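Pasting a structure below so you can have a look.
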Amino acid sequence: MSGNTFGKLFTVTTFGESHGAALGCVIDGCPPGLELCEEDMQYDLDRRKPGTSRYTTQRREADEVRILSGVFEGRTTGTPIGLLIENIDQRSKDYSKIATQFRPAHADYTYHHKFGERDYRGGGRSSARETAMRVAAGAVARKFLLHRLGITVRGYLSQLGPIKAETLDWEQVHQNPFFCPDSSKVPEMEAYMKALVKEGNSIGARINVVAEGVPPGLGEPVFDRLDADLAHALMSINAVKGVEIGAGFGCIDQKGTQHRDEMTPEGFLSNQAGGILGGISSGQPILASIALKPTSSLRLPGRSIDVDGNPVEIITTGRHDPCVGIRATPIAEAMMAIVLMDHYLRHRGQNADVRVTTPVLPQL
Amino acid sequence: MSGNTFGKLFTVTTFGESHGAALGCVIDGCPPGLELCEEDMQYDLDRRKPGTSRYTTQRREADEVRILSGVFEGRTTGTPIGLLIENIDQRSKDYSKIATQFRPAHADYTYHHKFGERDYRGGGRSSARETAMRVAAGAVARKFLLHRLGITVRGYLSQLGPIKAETLDWEQVHQNPFFCPDSSKVPEMEAYMKALVKEGNSIGARINVVAEGVPPGLGEPVFDRLDADLAHALMSINAVKGVEIGAGFGCIDQKGTQHRDEMTPEGFLSNQAGGILGGISSGQPILASIALKPTSSLRLPGRSIDVDGNPVEIITTGRHDPCVGIRATPIAEAMMAIVLMDHYLRHRGQNADVRVTTPVLPQL
Amino acid sequence: MSGNTFGKLFTVTTFGESHGAALGCVIDGCPPGLELCEEDMQYDLDRRKPGTSRYTTQRREADEVRILSGVFEGRTTGTPIGLLIENIDQRSKDYSKIATQFRPAHADYTYHHKFGERDYRGGGRSSARETAMRVAAGAVARKFLLHRLGITVRGYLSQLGPIKAETLDWEQVHQNPFFCPDSSKVPEMEAYMKALVKEGNSIGARINVVAEGVPPGLGEPVFDRLDADLAHALMSINAVKGVEIGAGFGCIDQKGTQHRDEMTPEGFLSNQAGGILGGISSGQPILASIALKPTSSLRLPGRSIDVDGNPVEIITTGRHDPCVGIRATPIAEAMMAIVLMDHYLRHRGQNADVRVTTPVLPQL
Amino acid sequence: MSGNTFGKLFTVTTFGESHGAALGCVIDGCPPGLELCEEDMQYDLDRRKPGTSRYTTQRREADEVRILSGVFEGRTTGTPIGLLIENIDQRSKDYSKIATQFRPAHADYTYHHKFGERDYRGGGRSSARETAMRVAAGAVARKFLLHRLGITVRGYLSQLGPIKAETLDWEQVHQNPFFCPDSSKVPEMEAYMKALVKEGNSIGARINVVAEGVPPGLGEPVFDRLDADLAHALMSINAVKGVEIGAGFGCIDQKGTQHRDEMTPEGFLSNQAGGILGGISSGQPILASIALKPTSSLRLPGRSIDVDGNPVEIITTGRHDPCVGIRATPIAEAMMAIVLMDHYLRHRGQNADVRVTTPVLPQL
């Protein structure tokens, strides 16, 4: 099936190029009866939006989403939900050079070899601008998860280049432009970013996402394990190079006695597993962490080739995020919400009848 | 679609429980005309097989695979390839206790809550024994990739608990029971494992997988990027808690100038990207790395609950791998091969007509 | 996967309600490099458009399609093609009554029971208006099939109620408002329709669709046979109650000697099979025929119930087609084209390497 | 996805050639907790089995199915159910000639052109023998539908060549080798078949299938309408050339007043729709009818070509059904059951929460 569709029962299909006419999305399989309006999506879209701080690209987009279908009198009808964001601030002229040159570490070279044709303006389909639609679709999933099941999905930036957040205060996450949960690190991050922008360079980041209130039972082994689908979803976000669940790479030098999360009637005693055992949610918080690479759109010149194979030197001017990780938090939340939503529907499709007398362990 | 099927054009569906009658697999979409016989799969199956060294479970299975369909006169016919391995060494008695108790960090508790019913013998469907079929299917993909496209897929253990391989000598990988490419570390690993077995504990590991000879163009953005599908495939392997592509989590504190792989007519100057740009293969080697948790089947007692929610103490006797990562190399290779195979077919389905005059960069 | 998506490699996803903001479509998997513009779709859309003759609904819609993505400088790029038609002539007031009553033989009752919620205006999602997007998507498939493979897909009305076309003159099909290939029957059809409209009643019809130039080899047994996918596609069109391939129901009292299409080096001697053997195209013309029921929107009163289960009498006023079959020809062509396109891509995904020395039989 | 898989949540994947080692099937997505054993499938398999009357092929197969996985202590576990039937009576020698010749109206020519390779023994994968596995999978669906939802799925032969059943007495269906519900026609059918066998010819048939007790709400418009998926499923059965729902082709010359099924609080007043409105079940019986072509394996010589394109004369000796329609009743029932099962799970995946106060109309 389509590489631009994610999910099996709750499916999200996106379309649109960075500098094309519009971005769009079709959500199919959404349960009917959910109250939904544009504002539900706009909040998350605004969190992802460029131009909101000096540390993100200065491209200005209203990113106003329109619901075209699937909602009637304020509630979803169960038919496909069509969403549209018209592109406004396109400024194609900034990008004219890249028609014949491949920017290093961008998708230019690979799209060229795959398709022959490519819309080179602003990265076309490979631009992170596409993720606006994931955020919009994720907002629908998040609303259902929260209102019907009490599930929350929240993320934060846990590391910006060399600077790590050391405390997790959810209140702080939206008090600074970095989605950083440790306010004591914000000044350091600000200074770091200022120097970086001046240098013309970019930096990587780490984002953590947490879902709380997820019931045990979600996940479809052996291939569509919940962790495998989360890895798929999160790795499909632009610039992501790594995905961890729970202890992640930390488990390599853990011993079994350290990693196994013991259970008592009062709950699990730890959460090394990140809330997933055997590919199925355990009722503990789902913990995922991702690594985002530094963007490759730099003012510092880099070596590359053109479409004829000749060497060229490339300098990327224009408006770019020095740290794409900063705006990635709402995107990662959206993808996790979409995965959980899809798995909730898949699970009840097969297992709606199942009644278990064993108590669900409380979250500690 | 089915959670037990992987792939879209080259599809692999597995079935079977650890102590059921048999393990099976259906491969659909394999191109016709490929020479194929049981021996092609047996080599990889034997590499994965339990009981081959003192560091793996002593369960003894012949793991002899039978081709039931889809091959005629030694060549694939394009119809589904049915594979079967009968289970022989079942010893159900070893597992009788777990019918009513949930082993910590196993899938017992989550399968119970998902399905109500579960085949508790040897972990049933959640056992790593299921991966035998992935290895068999992967062998078909690997043969096609190698014979038709010259692509190789190889893996190795790069870290066993605290011990890291520091050199990569492919010749060494099959000279020791750990798939370790650095022979100087083998004695240390042997000593470590001996102590671990004595202690009754287990340890995590890291496996790297590399595909060479992959042409540029494979991958289906925006959701079925090659890296996203690899993350899905690799995270779906039992015990995997993290997946990296290229620089992986190392990119967090890289600067853009450090991460971007510059290009010259002679080739890419580095491979931080791990051979994938914008979700599409670049022609460089595909580099993936995974973290495997320490198994939770330990002789050391652990706290847990039973099906009625009462606290119990669990000791896992029986035959278990003290480091499941050791046998994971052929499994990880198989999953990468399946992903590449599927994407090769998907790519030529859409893009078989594309002709590009730009030269493909040589691998450095 | 989504019930609003058709196809596996060439996928068509539609959204939109009859009286919502817009109708939309996402085509994914289209090969890159195909010249495409709005006009390519507009021709077929205009053939399907309401209000073009006195025998179809008088609702007036410009049905102007906009390409939102996936096309750059006049050629497809291989990324998803987003299409949009804004709804203009909505006149919601005409439909206010059906909010609480179920029109007999419409989808009102079944949508109500499935979803609880429904957009009752003009039939909402169940309106045949949705098929405009199938026609637009079909035009893309038809262009590729024609320009790249020389395949034509054409349809005609072969029966209008009791009146059967007795000759097939392709030139005539577009010379009359019925898509009738037998001009001698047109006056009779006109008279019949006039009387029908006066009576306030409706009538069924039969449409035949023919694809010529299809190479042998398309179709994916055993479930996705070409005929099975055609049956799926054609039966998914509003009002269709039957699908035949080749001899269709006529084969019931045929003998084997009569039905089997003998082969000679000069070609097949007959085409009872309708161009499909064992679920795979044979190189003969693909022949399909469908039955369309009479619309149930009648001025003549009918018995029904309301949402509380009380009996009501329903009279449908407003603008309706007295024979929905009349406008169905372009829709049936579109669905056949989409199926052929999808199967062409699927076939070459798996079998692009196959070389056969046996000659392809010429079409007689 | 795989052309050998049917269904989206309840998926059925079959493999195996007529004269290969075995036939197999994987059912995924079956709800857990269903009592299931081999006998549940054997009853239906025996009804389909060859060699049970003088009017069917004399090939003798025990068709004994083994459950390999997915069932534990007599109940399904929710994991994939692997099924296997070993082939016994293979007699490959009967079929040696067809290696280089294409039997008219068989799949030989089309498989050859699609795949290059083919297992020519007994038709290989294109043999109707494959349908044994559909019957086995269908039995699982039927058991769930009956035991959990009270849905019955039953079929009968309504026409054998020129002879039509005129009454429908379900009791009679299993009292004769034709699945004919009108006992008064059985002697005529017997005489007809005797003459046909003597002549060396074959004949077509019509099968009707009826599902009762189906709740309103099943079906996923716009493409996966219940009728569209039924058409797909039924047309995928070997030899089927036409599918009708409800009035089928009879609707062509019906008027709207005749076709629309009026509703009263006591129920629908007719069932022209065949239990499906707008692609969704209405709560009325689901009515489908299919046409099966006469088999092309005849003792009477036919013209054809060989793999080099030379003309040949073909006589098919060996064991063949003179009317493949006779054994098709259990197959058609199985495919309808699989479709209903899949749609039931899909429906509750999306709509399990929907509560409607409008009464469901009783079946009249």
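Going in written order, the chains are labelled A, B, C and D, and every chain counts its residues from 1.
The rule is short, and it goes like this: a residue touches a chain if its C-beta (ideal position, glycine included) is under 8 Å from a C-beta of that chain, and two chains touch if they have at least 3 such contacts.
Only a predicted model underlies this, so the values are computations on that prediction, with no experimental measurement involved.
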item	value
Fitting subunit B to subunit C on CA atoms, where both chains share a sequence, rotation angle to nearest 5 degrees	180
Chain whose mean Cα position lies farthest from subunit A	D
Inter-centroid spacing, subunit D versus subunit A (mean Cα positions, whole Å)	45
Computed distance of Cα centres, subunit D from subunit C, in Å	26
Distance between chain centroids, defined by C-alpha means - subunit A, subunit C (Å)	38
Multi-chain contact residues (two or more partners), subunit B	1, 3-5, 8, 14, 29, 32-33, 78-79, 114-116, 125, 221, 346, 351, 354
Residue ranges of subunit C in contact with subunit B within the complex	1, 8-9, 29-33, 78-79, 148, 221, 345-346, 348-354
Subunit B contact footprint on subunit D (complex, rising order)	1-5, 8, 11, 13-17, 20-24, 26, 28-29, 32-33, 66-70, 72, 75-82, 84, 114-119, 124-125
Touching residues (chain side subunit D, partner subunit C) in the complex	1, 3-6, 8, 14, 102, 104-107, 109-116, 125-126, 130, 159, 161-162, 196, 201-206, 215-225, 227-236, 238, 240-265, 269, 272-274, 276-283, 291-298, 300, 302-305, 307-311, 346-347, 351, 354-361
